[in-house]
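Next come two complexes, and both contain subunit A; in the first it sits with subunit B, in the second with subunit C.
After this line comes the complex of A and B, so read on.
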């Protein structure tokens, strides 16, 4: 029997696909997980859908197998990321007739924001998620305007949208395996959810950056609310690529070099230091190749500096950022990356975030942030929906599961 | 903004959400694991169908078996092959007793129940032949004695004690001895009237009929007045069977012997003794002497003078004629 409370949480990264098979009831629990190289995806974009499907399906299959053969997963939860995902802000305006903000006024402002959003969003894009950024009452920020007096109420809405072709291609992957997409979340929000620690209070100002292989997803929270999300098409793969070109070495070597010796903060103390590529894992090659350590670090730094500068530009557009920076994703394991980020984000405190949620203790590696956060987000959304619906739905759910 | 407008706005918003994009959920063999899953799914569906179908057909089979008859149709009258091992019951009886309607397919179970309701039938089997006709096999009860009630109606008693009507039996069967002083019981299971403890009596009658035919043919009535109805009765070991011989021309002895009194437990010895005595000429001498009493009751007793060698012996007890 297909079980409705079993869900495949899928993060299709440019480098690796991570799948968690989770049991949603009675509490979130990972019952199977698998992670393997992704094919058919380069720099965050789908370049070969067939190969991508093949590789993702095999990862899902492995994860299901680990979860137990009898479990047939019928639902999937996905993360969206890449250049075809965007975010924009729209504002809804209403004049407060009675002088004091009432629930009506809030609704009106919200409706105006939705209306503006529908006007703004192009024909060929769909909304992935939208959320309230803040209320403005007479241009002053208010957390909860109810009961306050003013003349003009603004509802500031943040909308994350994605291209239809990208979404339909993405849907196909679980659909062809007989799974329905039940949840869809921006990778940035998922990663931020995963690295949120208990000690952290919700109204923290923080910037979470998930630096993957092909893309970097970031999300900025101000006073606990999402202010801005974005995807920068720069990641670890670009660093590897640059190294391969700049140092005239093969891609595989560049990747290994990066992981073993990579440093995001170029040290100019010994500019003539060299690294012997032959020292890798005793692999024998016809000739010996030495590369300059300083050059390599410089390449890395330049790429990451570019990335951080791009993000900094986006987040500082409205208001200068101050708070904590969380780096996560595979590339966040890079040596010296915290130092670099701190330098760029105005000497902010930088932490390397690993998923710290209790249900996924075994997956406390930066690259798992997205997938772990996804599971958490889906579960939270589900409990909210259940609370709204009440218990009446179980019968239908049971029967849907029979076939 | 009115509520209605709000509602349509919410709808428009929904139409623009990711959920609104159509999903074509279909297992297809695009990829290796997809193919594997597809096969697994087909296999699973197939086995579910097979299982459900199997259970359903089992139910249908049981139901059909229960209702056997209603379902099968035959155009034209249904022929019946009737067979009986006793040979007394025939198809005419079958049709009359069951009120057989040859134009509608009967319920075999009801038909069999109806046949079994006739006390002369001890077992029956009703089958439907592949062409829709019926085959009925019947085992009959075999009569060993007769019962005559106050109205003079004659009924027969089978080996197992069941009493059944004698209409189907020809007259020569009336040679069977008549039982008297019978306490008739009702069989709890079948509802038939029966003579209790008949097994023992059947043994007696059959022994006499097969081994001592000459004696048996003279017998007229058998009285069970000292024959307990329950075989487990403590009195059974010394219970008695009274036999009255026929009064007929072929039976000159009848004038003299009014009654034989057999022991129910030792009747074999008694019969043997009697048969032997009848061959002996002293028997006729004893009965036929002119100065002898006119009638006797023949008794069998155990001589226990020597406990080591006890034996049965015949006693002729003189009785006053007309007052036994």
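After this line comes the complex of A and C, so read on.
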């Protein structure tokens, strides 16, 4: 029985795989953790399944070992990300027969939304998760329409779906170790959960962006409810790639340069600054030993500006944004990134977020946001499930995705 | 490029030639080379090449537009009108599918055109109907009929719109997967190499010039009959035994006392090295062609070849060749051609447009390999090359376009921001003196 409480929480990032082995009872607790380079994945996309399995298995193995040899982990929880993950909204509609919204009106609207969703989703894609965005009663937003009078009730649903092949391949990774997948969440939601501060009450408007190596996962909340989620296949590796090409240096050199001297703004102070590549053993030795710091910053600024603008366009298509922006993921550590994000998201307050959950104090680094949040989401969903099983009736609508 | 005389008469070949022609007699062109332009812009480029007489090959233009072809005919280019019944001879418009249909309708004419060819050099201007649609069909035909192909393709500027970019991207994947060597001329990228703020057509002119010098260098290397070292067809085929591998292609030139240094610097920084289908280092096979105005010293050739190898690789096989071309004077020109990914070629899954041809991607490739090529064909011979060592590159991933944008290409390139120019302007703004 005790084994059922042990879960491997796995975030396969394009750069690094992070695994937490957690004990779910009586309280969420990390009992083993490991993080190492991922092979066979680019931009959240599986490019070499064999290599990917091997590298992820070794990380899981290490985490298990740290958790104690006696414990064989049987369950896994995974994050999904990359260009093969999508999100869209569907609306279910019903006419309110009695003129006052009753529980069965809500059920009817919900059923209609799911019907519409099943029609929209192509055969080769699967629903990862869906959530109620809001109710509209005669086109006006209502937090809880029950008992209100009106004629037409809309159930506005946000659906996150993913490509079948991708999911099948992803599932194979834990399955091959004899683990069953018990939870599956979008990376965006997981990261958002991890950086949610205590002080923050649910009814916050916030945009959370996890900028990793190959993808940027974002989620927009209004009044605590999800408005939209998305993945842009651009991350820190693109900055490195651009530097490598623009400065004519190797990828490894570009990566080190970025981490040591990177800045999200092309600064006037750096127009004449040069960085000596010799300390990095640059490849173009004999041709050019110095790279311009300004050029490097300009390359980064252009890339990040474009990324934020893409995200701004996506969320503004849903509704004009005002609120707080949280940046997390490895690339959130870039100097000046907060200022740049603020400029693009209408001078919003920007915070650089790292996991702030008490059970994972030791993992308070931006790159661990997804994995830490994943554990929390699974645990919460589990409690909700138990609660709902205990009660009955319309509580069931809290059921999410696969639970 | 300047006009060159036919080389073989300028410098008779002293070597025993295939067929044992008596020394001193001009040889027939050793290679039946066809340079085929597909699409309106490519047709004009082929006309230019034909007019320049920089090398001896047969020039062919394949297009859907009667007027484009009529213009090309005046330069002595052989013309193939595609799908007259489909397009009515007025062009294929913006739909690649129309270009493809036109080429399919003229399949027999195209087959006849390809017959008796040792190597086809295809030039495709991607973005609109004919270039993007018909070129894919022609490369497929070449592959089917066993004619090795070297494909040069230009991509549309980002201002030409999402549709052009998308259409070109689909065509690139298909061309890359089915040609023995594939060279991309990314218009957005090469526009970086010159002063910005040029006129509208300036960008196209630069693109024309790159095509011209690329194709010329490539063909002159293959047709070289002067010099003591050369690349013949058989060895060239050995360099590119498989379709769908990644190609390294670069040209550079220098002049005067510092010619070698200049040429190498240009060669190493060539924008053709930075495209998404190319490699810029660690090529497995390499051909290095050097042209000088006067007979070079052996030490000079050796040193140059060594430095090119140090930079570009060529561990599996390297061929070097040189030619003396008096028209060059003190000028030195270098052209490098190579392939990477041969070892793992059989593991890379490329889209194959037609199902029935799938088996030709199998190890061994479409071409018959020489005995010493076993290691090339064997997919398990060695683990794949470390991609990280190259400059940039996301080529392995399948989903390159995100909502019509090629986000893997650096933003500064797509936005056509010239980094050096911007920096220089900034420096000027601050008075040219370091600010404290």
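Criterion: the second predicted complex is superposed on the first by the 374 of 403 C-alpha atoms of A that agree within 3 Å, B and C clash if a C-alpha of one lies under 4 Å from a C-alpha of the other, contacts with A are read in each partner's own complex, and residues count from 1 in each chain.
In this section, contacts are C-beta pairs under 8 Å (C-beta built on N, C-alpha and C of every residue); 3 or more make two chains touch, one makes a residue touch a chain.
Just so it is clear, the model here is predicted, and its values are computed rather than measured.
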{"item": "Joint occupancy of subunit A by subunit B and subunit C, clash or fit", "value": "fit"}
{"item": "Touched partner set for A:168, first subunit B, second subunit C, both or neither", "value": "first"}
{"item": "Touching partner for A:121 - first (subunit B), second (subunit C), both, neither", "value": "first"}
{"item": "Partner chain in contact with A:184 - subunit B first, subunit C second, else both or neither", "value": "first"}
{"item": "Touching partner for A:244 - first (subunit B), second (subunit C), both, neither", "value": "second"}
{"item": "Partner chain in contact with A:57 - subunit B first, subunit C second, else both or neither", "value": "first"}
{"item": "First, second, both or neither for A:272, with subunit B first and subunit C second", "value": "second"}
{"item": "C-alpha centroid angle, subunit C to subunit B via subunit A, nearest 10°", "value": "120"}
{"item": "Partner chain in contact with A:107 - subunit B first, subunit C second, else both or neither", "value": "first"}
{"item": "Three-chain overlay, closest Cα atoms of subunit B and subunit C, distance in Å", "value": "16"}
{"item": "Subunit B/subunit C common contact set on subunit A", "value": "none"}
{"item": "Complex contact set, residues of subunit A against subunit B", "value": "50, 53-54, 57-58, 60-61, 107-108, 111-112, 114-115, 117-118, 121, 126-128, 162, 164, 167-168, 171-172, 175-181, 184"}
{"item": "Residue ranges of subunit A touching subunit C (in the complex, touch as defined)", "value": "42-43, 45, 47-48, 83-84, 232-234, 238, 241-242, 244-246, 248-252, 268-269, 271-272, 283-284, 287, 292, 294-295, 298-299, 302-303, 305-306"}
{"item": "Interface residues, subunit B side, partner subunit A - complex", "value": "1, 5-6, 9-10, 12-13, 16-21, 23-28, 30-34, 36-37, 41"}
{"item": "Subunit A-touching residues of subunit C, taken from the complex the two chains share", "value": "265, 268-269, 274, 281, 388-394, 396-399, 402, 407-408, 410-413, 415, 417, 419-420, 422-423, 426-427, 430, 434-435"}
